[in-house]
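Here subunit A shows up in two complexes: once beside subunit B, once beside subunit C.
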Partner chain A sequence: MGLEKYIAERIIQAFFVIIAVIIINFIIVSAAPGDPIQFIAGDIAINSPEFATYLRHKWGLDRPLYERIFTYIFNIFQGDLGYSYRYLQPVSQLILERLPVTLLLMITSNVLAFIIGILLGLYSARKNGSFVDTSITSLNFLFWSTPSFLLGIILMMIFGVNLKIFPVAGLIDVRNPKEGFWLYLDIVYHSVLPIITLTLITMPLYFKVVRDTVIQQSVEEYAYMYRAIGFNESKIYKKVFRNAILPPVTLFAIHIGFAVAGAALIENVFGWPGVGRLLLDAISARDYPIIMGIYLFISITVVLANLIVDILYAYLDPRIRLQKIS
Partner chain B sequence: MAKTKVITIMSKKIGIFSNILNIIQNIINDKYGFTGLVILAVISGLGILAPYLPIPDYNSIEFPRLMPPSEQHIFGTDYLGRDIISRTIWGARISLSVGIVAAGIASIIGIILGTIAGYYGGLLDNIISRFTDIFLVIPGFFLALTIVAIYGSNLYLIMIIIGLTTWPATARIMRAQVMQVKEFLYVEAAKALGTSNLRILIKYVIPGAIQPAIANTILQIGNAIIIEAGLSYLGLGDPNFPSWGRIIYEGQPYIASAWWITLFPGIFLVLTVLGLSFIGDSLNRMLTPKIKVSTKI
Partner chain C sequence: MIKLIKIPSNYLSKLVTIIMIILFISIIFTVSHVNAQSQEAISTISCQYKGGSLVVIHWGDPKSFNPDSQVDDALFIIASQIFNKLINLDVNYNIIPELATSWEVSANASIFTFHLAHNVTWHDGYPFTSKDVRYTLESIKNYKGVMYGFLKMDSLVSVQTPDNYTIVVKYSQPFPAFLGFLAWYGTFILPEHIFNKTQYKDWMDPSIPALTKPIGTGPFKFVEYVKGSHVVLEANNDYFKGKPCINRVTFQIIPDPTAALQAFLAGQGDLLNNRPPTTEIPKINSTPGVIVQMRPVPSRWYIAYNLLNPLLSNLKMRLAIAYAINRTELVQKAESGYGFVARGMYPPAIQWAFNPNVILPEYNPAKADALLDELGYKKGSDGYRYAPDGTKLTLRFTIFQGAEAEAIATIIKEQLRKVGIDVKVEVLEIAAWENKVVKQRDFDLAMLDGFQGPDPDNMRSRFGPGAYLNMANYSNPVFGDLLNKAASEPDPQKRKELYWKAQEIMANDLPYLPLVDLVAFFIYRTEWHGFYWQLPGIAGLNVLERVWWEKGTPVTTTTISIPTQSTSVTPSQVQQGISTTMIIAVVGVIIIVAIILLIIRRRGS
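On to the complex of A and B.
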């Protein structure tokens, strides 16, 4: 009963968060300066009031506010994120077309950061206070303090422009297009630098929480108890590790939004044709439906990802599984 | 009367103001904290003294364009012939102001909401906590980006928006702390003496619970600086103020030939955020005695 109730609560909560996100989005649009009709029709709307009235009616702008909010929410739940007047395509279609290459960056780098961060954290905690630990910790602080785009620029300058080991920008080699397997290999080759950048930026998060938790846990009573019984340190370490693995899982959920932001900025550094690049183009062209659509899409994805991690977490953590939700 | 005296003394012991020297002492003793303080002191010192330093006006375009670092221009000049060291030092003023104002707004909202939720509990707590959860999940960077893209790039708007999107972490931390502190005996005693809730909160509960929130605020300053730099990098920064992000953005087209435009403000930005992270983390470790004890072994 406990687990089902917990999951049900989470789903209801996620639903309300999505509604809240949509309403915030709606308020931002409605309160924006300028007449939306002018955005749609430009000068024609000023010259021809009849046309403006027609458009106002067509887009439902003459209806009361509450009715418009409901229509808006209803449309979004049907996957309608609006219409880009620059590309003359639905925003959702534009996003979905560019999503796979963005996911390639995001998923790879986050999984790598998660694994490397945890391993380094465990290692560093074990060598607590040593020179190695201080070096690893300081390096992690350094990467944590560097904006993703700046690290991207630096890596691009070193490995792309000067050493010429990796391509500077783009998804594929346009001058020398390849096919089949080699095309995928080319994409992987082009993705190395952006993925390294994102991994280095995200890693400190997991490193720090694991290192702190392990150090904290290794002076808990149970660790002393094991020590007193005569367990050797590596066995105690295994017990400590089990308790140190939960916090990074929670972080993984909380920082999905952060990861998307990092990816969007990095795409612009490396000319990666993903959602982040679409966003930058939309900003410079003032294509508001795309900006709003991407914001909504990312927010909803983050909420859903959080929901999934919350449910997974419930299975992992016996305190929740066994119905003792604090 | 005697009882009030005891309460005052006890609350003084945990009061932030009487403890401030002790905190600084502890940060200085910590190698990370000390490094952070030194870095921050140098950079903010430069920023504060910017108008009095012998550097050219940051908007002056009288110098040769895209000059590499030299004796006259230690950090070189940019595509309009502006002196980069001058812009970078003035950038410290602007970026640090953005960080402090945004983190200040965020922590005021977070501390007030967190305190109310933690102290009163019940329905009020439930409403505030749900509200916090919503804002915790919404990706703040994109919300800020969307609003700035639509309403225009104004430095003050950027500060306020960053502040309004980053408060939930502080609210959560404050709530958890207040829930602990309100169970302490001196708070009970103050209640028993008939002290008003507002007075208890301001004199006893908030001073006792605020330290983790302060540590978090210091980390938030760095975070806000990075968010502003990210917005600037996407071309959404205020063109009238040379924040570090703005200088990097303007140097981007010339990155292959004039690396100095990007590199120097970049180093300043990273060092500042690093210093803030060191201090914030040092404070956090100080507040978690177990980690502190174990690092000394």
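On to the complex of A and C.
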């Protein structure tokens, strides 16, 4: 009973946060110097005045302010994020076209980083203070501080150029393009190096959080109590694990929320056509509709990701949903 | 009544023979007249080996597939395969024929008549005619295409099509630079039958299918474009110059220069179209199976002095800065030796227009010191110079992001420090730089590079009074006059003299200081041949129509020899074709007349 109510509350909250984000976006667009049409369709006003007039009407730029807010929210909810004059396509279509590629990289690497990071963190915490622990921690620190594109290039040189195990760059093999199932396999083959790079960059965060949580939890009162009763270490660690799992889950949600643009530098280096690459190209070309569209998209995905995680949290940790009732 | 005059049969046969001879001779004259008209005809593509799929590692995504509507450098090499221009530039920036096989320029250089190739079809089978050329030129004018200014569309009077294969372009004033600009950029001929429909608002209307699936007349047809990843083109078997030797061209888009280089070296690509850092050139050169070639290009790094700044408005200050800069060091350290010390005020790569007598200030720090002392700036204890009122001699040096620009700026900062000038280097992102330096003119010293060809009229857009790119605010009326006169002077010799004089004046005024003349790198694998830089006079810039692969299937048919490096186009093959047909026709006529003669003789005897 408590769980359903909690979920319902969170969903309503998320909805209002999204509306607030859209309104803030709208204020930015309207308050910026210049014609707001540039945020909706770029330089189209100069080059194609009739199309610009059509868009002005659709986005209500010729109406008073309060009407414009509603038109804006209405359009966004319909999935219209603006129009890119450079690509001659709606922004939402551009994002959706490239989303699968980015999700392939980000979700795979985040899941791997989550699993490997937690396993390493648990192992390291168990062996706290030993040589193994110190070396794993240092290695993770090294990966955490290396810039993503540098690590990408290093892996590219070692595995792509010198050892020739994996392809250097690109989405597919353009010399011998494949069809159907083999095409997907080709894409997966080309995704190995980018995914490894992203995993190595993201993993240290999970590792550190889990390791620190476990070490901290294992000196909590309940752990001492278990030891006093006589449970062996591995049983205790299972209980500790249950508590330690919460912070990484939050982290995972935040990372997934930013998944859309998170791989931008990696996509640039490896020549992958993802949303991050779209954002970088749009920034250097001052393609405002794409920039605003992607930022709005990210804001919404972050809100949704947090919502999902809050619900998951409520399921995993009874204290949270019980708090709401009292 | 019928046979009033009886002509003996032998007279009749003699008469017929004479008529035949006259006919024969007149046909020969017609043939040679036709040949003379097509003396600039294009050599057809002939292949030693057929087959192969070329992969080009490319640096960026095209913005659209309309190559004439906006500046789209990433599209240019792709468009050069899908489309043709009327005329093109070869690797030496000389004009060569393409869709226009010959042309005439009126005496006052205001009327241009082009004769178009006959057997050209669009990739969808539709025939190419003068209507397409007219539509393209008029659209550049009506829709403000990227070449609107360079092609002086304001002064365009009319584009006429007297027949399907002739086009007459009339300007209201002399425009000698027209051909150079027409051959350069943003002048690809577009298919009128696809673009010119009343339901389209303009040539960038999103509902035009050709904007995402382009149709051209070029050597390769569009197959697919996966955004951010690759563009695939396949050979056009009906290409008017002949079938290309290779089957496919694929452009793989890898923006990061290091990743692109590594992908190329690992064998993923055959031609590298993403300029690598010059420090990598020796390593690339020594990689087996890879060739690196260099060519000077009419592009140079140059400094702009803001003449509105009171410090820099004094010529002695500008000279002092020039004497303090060691351009040889710039070439060695910033370009790893791959470049040339800039000579003169216009790039030497456009040979006819370059004035070699104009000498730039040489590297002489002693002279720089002397001039700065003369101007009243004394060296302080920290090595920097101070004005009499105590202010330090400091100048901002505003550049845009990029490894080369930043390297050059760092070296110049050090060189100027040695003569006591304090330089603050300001690095801005390119669009921000354009806004601050070009639009607002808020700078002391600035540096940029850029293509200054194909015609010296480009000087007017860069240095002329009132020009958008004239960030130094240089306005010498004599200089401006010379450029304006040269722009409308039809006599090439007189034009050259005017441009040479203009360079002298600019060197005396020194509003801009050229630093380094750039080179272009051609990096490719040894098994591929037939690139445009190997075929001057024949292949246009960036065009891959004559590329062949030595690992393809050898072509066994003999006879036709490959057009080699000789100067201009070889009309022999086309001439051969026409005269063979005519000779067959003449022989046929002779045989028919001979048969008639025999019959008459039979009847007679």
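Definition applied: the second predicted complex is superposed on the first by the 287 of 326 C-alpha atoms of A that agree within 3 Å, B and C clash if a C-alpha of one lies under 4 Å from a C-alpha of the other, contacts with A are read in each partner's own complex, and residues count from 1 in each chain.
Operating definition for what follows: contacts are C-beta pairs under 8 Å (C-beta built on N, C-alpha and C of every residue); 3 or more make two chains touch, one makes a residue touch a chain.
Note that the coordinates shown come from a computational prediction; the quantities given were computed from them, not determined experimentally.
Novice: Kindly say whether there is room for both subunit B and subunit C on subunit A in the superposition, answering fit or clash.
Specialist: Overlaying the two structures gives a clash between subunit B and subunit C.
Novice: Applying the document's definition of touch, where does A:Thr250 land relative to subunit B and subunit C: first, second, both, or neither?
Specialist: Neither: A:Thr250 stays clear of subunit B and subunit C.
Novice: Which partner chains sit in contact with A:Val21 here, subunit B, subunit C, both or neither? Use first/second/both/neither.
Specialist: In the superposition, A:Val21 contacts subunit B only.
Novice: Once the structures are superposed on A, label A:Pro147 by its partner contacts, choosing first (subunit B), second (subunit C), both or neither.
Specialist: A:Pro147 contacts subunit B only, not subunit C.
Novice: Could you say whether A:Gly129 touches subunit B, subunit C, both of them, or neither, answering first, second, both or neither?
Specialist: A:Gly129 sits against subunit B, while subunit C stays out of touch.
Novice: Of the partners subunit B and subunit C, which touch A:Val161 in the superposed model: first, second, both, neither?
Specialist: both
Novice: Once chain A of both complexes is superposed, is A:Ser284 in touch with subunit B (first), subunit C (second), both, or neither?
Specialist: Both partners.
Novice: Give the label of whichever partner, subunit B or subunit C, reaches more residues of subunit A.
Specialist: B
Novice: Tell me the contact category for A:Thr108 with respect to subunit B and subunit C: first, second, both or neither.
Specialist: neither
Novice: Give one of first, second, both or neither to describe whether A:Gly274 is in contact with subunit B, with subunit C, with both, or with none.
Specialist: A:Gly274 sits against subunit C, while subunit B stays out of touch.
Novice: Is A:Gln93 touching the first partner subunit B, the second partner subunit C, both, or neither of them?
Specialist: Neither partner.
Novice: Following superposition on the C-alpha atoms of chain A, which segment of subunit C from the set 202-210, 310-318, 400-408 or 472-480 overlaps subunit B?
Specialist: 400-408
Novice: Which subunit A residues contact subunit B in one complex and subunit C in the other?
Specialist: 149, 153, 157, 161, 268, 284, 286
Novice: Residues of subunit C touching subunit A in their complex?
Specialist: It is residues 53, 55, 61, 63-64, 69-70, 143-144, 201-202, 204-206, 211-212, 226-230, 232, 250, 252-256, 258-260, 262-263, 265-266, 268, 429-431 of subunit C that touch subunit A.
Novice: Using the touch definition up top, name the residues of subunit A that touch subunit C in the complex.
Specialist: 47-48, 50-51, 85-89, 94, 97-98, 149, 153, 156-157, 160-161, 164, 167-175, 177, 267-274, 277-278, 281, 284-286
Novice: What does subunit A use to touch subunit B in their complex?
Specialist: That would be residues 13, 16-17, 20-21, 24-25, 28-29, 32-33, 128-129, 134, 137, 141-142, 144-150, 153-154, 157, 161, 208, 212, 215-216, 218-220, 254, 257-258, 260-261, 264-265, 268, 279-280, 283-284, 286, 288, 291-292, 294-295, 298-299, 302-303, 306 of subunit A.
Novice: Name, in rising order, each residue of subunit B that touches subunit A in their complex.
Specialist: Residues of subunit B touching subunit A: 31-32, 130, 133-134, 136-143, 145-147, 149-151, 222, 226, 229-230, 233-236, 245, 248, 252, 255-256, 259, 262, 266, 269-271, 273-274, 276-278, 281, 288, 290-291, 293-295, 297.
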